[in-house]
Amino acid sequence: MEAEIPFFEGPSCPIPLPHHERILIGHGSGGKMSHDLIMQVFNPPFSNPILDQGDDSGIVSILPRNSLASTWNGQLAISTDSHVVWPLFFAGGDIGKLAVCGTVNDVAMMGAKPLYLTAGFILEEGLDIDLLQKVVSSMQTAAQEAGVTIIAGDTKVVQKGKADSLYINTTGVGILPEGIEISGKNAQVGDVVILSGPIGAHGMAVLEARQELGFESQIQSDVAPLNHLVHEMLNQSHRIHVLRDPTRGGLATTLNEIAQQSQVSILIDEMAIPVDPAVAMACEMLGFDPLYVANEGKLVAIVEKNDSLKVLDAMRQSRYGRGAVIIGEIHSDPRGRVLMRTSFGSTRVMDMPSGELLPRIC
Amino acid sequence: MCLGIPGKIIEIYENNGLQMGKIDFGGVLREACLQYVPEAKIGDFTLIHVGFALNIISEEDAMETLEILRSISDLDQELSPN
Amino acid sequence: MHYTTEFRDAEIVHRISAEIKRIITQPWVIMEICGGQTHAIMRYGLDQLLPQEIELVHGPGCPVCVTALELIDKALVIASQPGVIFTSFGDMLRVPGTGRDLFSVRATGGDVRVVYSPLDAVRIAQENPDRQVVFFAIGFETTAPANCMSVIQAKNVGIKNYSVLVSHVRVPPAIRAILSAPLNRVQGFLAAGHVNTVMGYWEYLPLSEEFKTPIVVTGFEPVDILQGVLMTVRQLEQGRHEVENAYSRLVNQQGNRAAQAVINQVFIECDRKWRGIGNIPNSGWRLRSEFSQFDAETRFEVSGINSEESPVCISGLILQGLHKPVECPAFAKTCTPEHPLGATMVSSEGACAAYYRYSNIALTQSTKQ
């Protein structure tokens, strides 16, 4: 607990007041202000034995936990992601939750168990510290839910105007159990494609939060940590060939990437793809296709057919897989392309989007 | 040039001298200008294009169209012996 | 009634499809002139539900594809100027001008913003009194009432920092130009239902008569489009040439009088150059002199723009239905959606972009029942 700080009135005093409402350049310069920021804003919520050491690096022993002792061959899954979403807060989530879940999910999509995260912050001068505290608190909540520990961090401050309030980079480390070989190149002809739930919510929630297009709805971002879901799935089957989370570019991009990596064809049944009515309507209104809209709490699994039903069942028992459905299957031709059977029985190509999703009038 | 979406008018008001409305697109709400549909009332369905209502949708015509289309082929099968 | 799901009913769609197959006896070439209809046809694979005898041609129905190159280049110059907030519908951002597009202007510091409605652009002008706000007023007749209202609103509220770069085009002169072309193959038209919602269809009666061509006002949902095709085929098979309305829930012969009045108040007809096609007389609208203070072309003095179309691009011939994209030497080689040479490859409704997706795939052979 700090002692009472005297409050100076009158002509401005050269001794800086320790209580700040906003981030200042000094917070990034490594001196007392930086130290105070870390001790007051970052360490308390993130507190854990490794971080609390306060050293230049966090030291961890990747000794297999008891249950994994016989199933680890020493492989690590490491992923890094930077988060620049604007606005910082949107229905269903915020940049902090995104930063944790995004990297947790990238590690989990390899079938690895995420254990540790690092978090690097680039703060814009003038950022409201209250806001920063909310973000940090949200990160800790997400980390707790995912069961990961934030063991190292960094803070820099840039001049006003050089960052959209706040950018966060997270790097995640996880251990890959023996016998797991999940990769975008492993889809096999005859495999089944499973989607964990309705698509398009995250992208539309962020768009709504920007308030540039003037629509209001009950849409919430689906941002969520998926590692427990993946764990349940892997308990059912090791014949899960591909796992991927359809983030930017949406489901269409992810399926196209897999089709190309595996050199197979993916045939999707349009009627099987779940989209929440509000997301569907918001997309219609702006001329978007939900297939191209970002998700942050969904995964695509490509599973050997014989195991698909039990994997599906396990997903539906899990918190973030309740809406899981089979949406398609893997064929051999046309190689590298994704096709979709429409509700009318016609077949069309499901393309990758060319770039930024833009509302259209045409 | 043609992205027009049907929505239900749930509120009508004036803003800056223009007749405006709050439109409900199946749960998604947006404001639109109703200046071109002066006869619009709350509960009407209208076609919205770039934030403007272009016309009121006629439920009667819609039902009639669907009715006619649903009975295609039935009638023709009766009439033609092939 | 939602007016969407009912008009996507698979059972009705299949009924109509069966009926078309039942009555057709010879090949017919039908053109639809609306990017929205092209989009729906591709998105739902509706052409696969039509008999082989029908050739559906995608006409110049996308303002993105037909906006003159000079105008795009003027937009780029204006958007690059300091102090300007350039606002536009999303469609236009990726259209290539001579050498660059609005996206690249944004990348070099231009303030380019996408708006959903022209009234949003007016609001931006009100919120930024020290900046010049320009709105790229493109579109067919469907969008004219909205674009005009933004100008009237700016005038009424006394907004001095708002101007519009106008590139409006009208459908009836385009139909005339297409049907008059010596090599024209189009035998029937699906008219753009939302254009007709505004304008009615009285303008099409003399066209249908003069060129002995059926014109059917058609909507945008799968049921609407199939119905439009059915009614067109019926006319063709029966040797009739009339204007019929397959979108009666929104369209009537006179159209929306209030909207037409405002258009007449703000706009006057003019000649307009359609990208790739050339000048079509009276096919455009420009601001009347009473509103000339809102004309971005005069406010920014963008004359002397040297526009160079790619010499290889044959967009215009494709838009008129005279050539197919695959017949273009650059198609899928030097011209792709990522590196488009012309507008028809950029717009997702553009005929070239649509064909590109099907290139190298024996799609029609393997999946058509």
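We call the chains A, B and C, going by the order they appear; numbering starts again at 1 in every chain.
Just so it is clear, a contact is a pair of C-beta atoms (placed from the backbone, for glycine too) under 8 Å apart; a residue touches a chain by one contact, two chains touch by 3 or more.
Quantities reported herein were computed from a predicted structural model and do not represent experimental measurements.
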Self-check item: Chain whose averaged C-alpha position falls nearest the assembly-wide average
Solution: C
Self-check item: Pair of chains joined by more contacts [C-beta pairs], B-C or A-C
Solution: B-C
Quiz prompt | Chain centre separation in whole Å, for chain C relative to chain A (CA means) | solution = 38
Quiz item: Rounded to the nearest whole Å, what is the centre-to-centre distance of chain B and chain C, using the mean of the C-alpha atoms as each centre?
Solution: 21
Quiz item: Which chain A residues reach two or more other chains?
Solution: 214, 284, 287, 360-362
Quiz item: For chain B, which residues are shared contacts with two or more other chains?
Solution: 1-3, 5, 26, 49-51
Quiz item: Of all residues in chain C, which are in touch with two or more distinct other chains?
Solution: 4, 35-36, 62-63, 89, 116-117, 120, 139, 143
Quiz prompt | chain C-facing residues of chain B, complex | solution = 1-6, 16-18, 26, 33, 35-38, 45, 47, 49-52, 54-55, 57-59, 61-66, 69-70, 72-73, 76
Quiz item: Any idea which chain C residues touch chain A in the complex?
Solution: 4, 8, 10, 13-14, 35-36, 39, 42-46, 48-49, 62-64, 89-91, 93-94, 103, 113-117, 120, 139, 143, 222, 337-338, 347-349, 357-358, 360-363, 366-367, 369
Practice problem: Show which residues of chain C lie in contact with chain B when the two form their complex. | Solution: 1-4, 6-7, 9, 11-12, 15-16, 18-19, 22, 34-37, 61-63, 89, 116-120, 139-143, 145-146, 149, 153, 156-157, 192-195, 197-198, 220, 223, 227, 230, 246, 248-251, 256, 258-259, 262
Quiz item: Of all residues in chain A, which touch chain B in the complex?
Solution: 214-219, 277-278, 280-282, 284-285, 287, 360-362
Practice problem: Going by the contact rule at the top, pick out the chain B residues touching chain A in the complex. | Solution: 1-3, 5, 7, 25-31, 48-51
